[in-house]
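After this come two complexes, each holding chain A, first together with chain B and then together with chain C.
And then the complex of A and B:
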């Protein structure tokens, strides 16, 4: 608590000083994260990371001699609030770009505001809808669900497991995953033999799993964020379901292993490379960014940096690079963002273009398996 | 009655002149939502404050209005001005039919039944993905348009929403002071006594429940057209409780109280933002203090407070 107060005072003092000392005004970047509420598991690491990286950029002398200033607000995961705060960032704080929001719902709500006011928005949420169709002012850093689905299906196709059961959570993340799972199945020659959902707050999924056990599924794919999937893993173990279990990238953090305990063993899931940064070969182009991010986060917050924080890291760095290339106004930042090529971030290698504002390829994901309470890369 | 009219005129002038103070900043945007929340609080107050019937499911009616308007204007390309009354009528009829069995219940049971109703509506929004877009929401809802003016800015929306809110205020004041209003208060105090003097309490309760749902649905439609995006999360149980808090904090059985409650609960978080991570604690603390020291709500508590300060000062002068 004291630390927080101190850091707040420190920030206030440095802000006062910096405006006096440096002639060039800081560049204001807005941030909207769901730091409290149901999506806090996304918003908190995102805000922490954004603060951390902006501080570091400023310590290193800022961008082209100008400091960055992060104006960050908590949306509590509420779409109405996100819209109000986006308006506040644009009209009152006069930011040049906005990072966030954390969830797809909030992002969809904020998009009309960003488009109308012509301010670049770099969303940290995963929904494919955000950049499909492409919107002029909207970019995103979180990997599309379609890429994660592709990774799993590729593996299944290779191992000739064609009958799958899907079990998705009934929230934005699960709905988007379900859509992608169904849409891509045919392309990989996969048949969905059972399609069930569960509620975000459900504490027992034996009913769905019993039904799946009765089907001829060769693999179960569960799409959700903690704690639901941990319950699924535990229930599957209790019921003695031997069918291999796949999860989504929504649970790719140590938290899942903690929650599911022994039941997590053998579970496979697509994950951003940040999770296995130390296992990656030296030749991996993202390795430098990944290792430094994980180390920094550990030093600052005494916690493991996860790929959610990585979305914010990527967003800030993309902006920084755009400004470094000479962009200053919202519209020039937008143009420069669109010209981003081969940026090695946390989420993957970004290549934006006029047709693609998501920017990531299939290599953004690796398939990992949980063994002895740790991650192993599946070849 | 003349005093009521004077109050209403003063209130209208205040509302119409308020934007001059803000010159289009983001607070304008928040004030638009104060208008929508005022409508909702009045709707719930008619039911809770006047007729004494609790509802923990009003966010559901609000959501139904928003979704009906949203779906009719996007999927079926209706004109928003046609979709809005159609949505209100559908929601009103639904509330009327549900009202008969539900409003037979009293106290905790009524609270539970309406709570369940709200949750069922929420689940329907979430699960009927093909119709509502599911949890990731429905986007691309058009702005309202009238006589060549598109209501796409905060200032335009402010006057649109507040114009309709003022109409709802006027209507509710008139209703409260009419024969129906008196009958409602009679039902509130004693249903048996009301029936003895010839009030059809059962029908009246259902009628006011339906009316309340219609106003909520209207607010929902307006919300959908100003936000142009809706998702189920905005219409959950939490919002029903927030509405209830607005009504209780503002003052039960007072139309202007509903405005005060809605304004306070919508604006307070914005002012507390300066307190960073401690805002939630201060917010909660303030609400507790208000309920403790102003049990009649802001509408009675604030004038009381002034009177007390004035009196104690007077006393000090004497000594």
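And then the complex of A and C:
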């Protein structure tokens, strides 16, 4: 065998071994993301972001001299798999905390495991039932649907548009949005005059929109993730529907504008601030985190950082801060997480407390309008 | 007002129905030549759309050149599928073949996911997006393209199956494979042809609907199932019955979503499928056929 190769290998092995011996053991963080499957649009940016930010923390010397190690598994959006992998993370990998899963369904399935094993779980999914009622070991970073609904209703109330038609997708995201839209309507003096749904894979929504066109709705709110809402926007344009169209934060990415094309013009939607990070005033307290996240993501993955990745960014940073404040064991991490105050993240300003494990206020969303294929903040 | 709505539902239904019909005919061509149901049919629809996207974006071809290019590549994929997955089978019982096509569909979908990613993509319309008003209802120019191309394809199909030697040979295979073999028809070549024709048709369907519905690696499943419904309603005929089946399905779905509840839109399609399978397995228009029993 080539002597040089042998000696190189020897050196490499010794170096590997020695770092293991001399440096403090890394802190293991588990991650469950739906990198493949139907929720891949959430899981992929989340996994990418988590990896990116953990690498960066380690490059900067880790947390209090200890490196972080991210053990990440792909749940494929499957709740059963998520539960198995959560158990694996806790029993085999011995992680101190878990980030994810990506969808509400998976999170609800994993919660009993985290509660039983007493491992903090920072979910990246949006469903409000994750932290309502509060569960001791469960936190979340994604904005509640209720905040997004509130943003839209506030605007409608201000503009005296009280008759609303809702069109929601028949999956977890749409069902949760529909529930919130109906629950909050009365509070803002809004009447739902038409309540329709569409399937996640539907390719034509003209039937529903024709029905809405025949009603006396003053605004249409469509709740779904791509590509459905793009089809709705296109169909609305085809039918010549003049009623203002609102979308959910589920489509707040450039992809929606690309898919819907001209039909996207004039559509309004609540969005996390990451989308409009460059438009925000300098006084905005989240601006620093937002701009650095967007820039980093662009450099690493040659793609635009979106708020889904932002959920993972927030989760890792919340954990890092908790560990920085001296937490090491799962239970002390949980306690420190609960003490998080005024953390300016991507999703908003986090203030966790014993009563609130969602941590965000209404300022987490801004209402944006699509104009000339770009976002404009609606005042 | 009410009339306007019904007209719109019907028009929307007809245009979606035409897509189902086109996919459904793909199912029945293979069924008639081989006796198997090719559940990978929907994947060729997806391939057609995504290949067009690549031709437009990567090769920078104009749309009129991108379409034949995408159809050709999809046909090649259909040919490979038959050669590599269907033909080598030692004991081609229908159940084995059907399971192979399901496996093939998962494989094709997986490869498409790796090549094109998981995102949904948009393709520009053939001739603009300005709606055309008909009575109180509106349709898009693309809908006219869909209807026209469906008609053209059905006419070509009819001509091929009834007026050309290889079309007649394929029908002979459908009646009786052994007898067809005995009179000198190369049955295996006919099976190969049927796969090529149906994958080309699937691809065409994918290309003409992509500007309306957008395209992603996983659109084939639902479109495939709806096409299958259309073929079942039409009694697996490769002619006008499947077209009527598709149109009927589209209109019923659209009317159901508009007048009853949009939540039951897909349920309507599958309830029809089950009813037909239970009550009239020979299709809505077929005569009871002793061979099938």
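FYI, the second predicted complex is superposed on the first by the 358 of 379 C-alpha atoms of A that agree within 3 Å, B and C clash if a C-alpha of one lies under 4 Å from a C-alpha of the other, contacts with A are read in each partner's own complex, and residues count from 1 in each chain.
Everything that follows uses one rule, which is that a residue touches a chain if its C-beta (ideal position, glycine included) is under 8 Å from a C-beta of that chain, and two chains touch if they have at least 3 such contacts.
Because the structure is a prediction, the values reported are computed rather than measured.
Q: With both complexes superposed on chain A, which partner does A:135 reach: first (chain B), second (chain C), both or neither?
A: neither
Q: Figure out whether A:44 sits in contact with chain B (first) or chain C (second), or with both, or with neither.
A: Second partner only.
Q: Go through the superposed model and pick first if A:170 touches only chain B, second if only chain C, both, or neither.
A: In the superposed model, A:170 contacts both chain B and chain C.
Q: Regarding the shared-chain residue A:211, is it in contact with chain B (first), chain C (second), both, or neither?
A: Only chain C; A:211 stays clear of chain B.
Q: Tell me the contact category for A:88 with respect to chain B and chain C: first, second, both or neither.
A: first
Q: Taking the superposition on A as described, I'd like to know which of chain B and chain C A:237 touches: first, second, both or neither.
A: second
Q: Enumerate the residues of chain A that count as touching chain B in its complex and touching chain C in the other.
A: Common interface on chain A, chain B vs chain C: 36, 170, 197.
Q: Show me the residue ranges of chain C that touch chain A in the complex, using the header's touch definition.
A: 1-2, 4-5, 8-9, 12-13, 15-16, 113, 118-122, 129, 131, 138-140, 209, 212-214, 216, 218-219, 221-223, 253-255, 257-258, 261-263, 265-266
Q: Sort out for me which residues of chain B touch chain A in the complex.
A: 24-26, 29-30, 33, 126-127, 129, 134-137, 139, 152, 154, 227-231, 233-234, 269-270, 273, 276-277, 280
Q: Chain B touches which residues of chain A in the complex?
A: Within the complex, chain A touches chain B at residues 4, 8, 36, 73, 77-81, 83-84, 87-88, 90-92, 104-105, 108-109, 111-112, 116, 127, 129, 170-176, 197.
Q: State the interface residues of chain A toward chain C in the complex, per the touch definition above.
A: 36, 38, 40-41, 44, 170, 196-199, 201-204, 206-208, 210-211, 213-214, 226-227, 230-231, 234, 237-240, 255, 258-263
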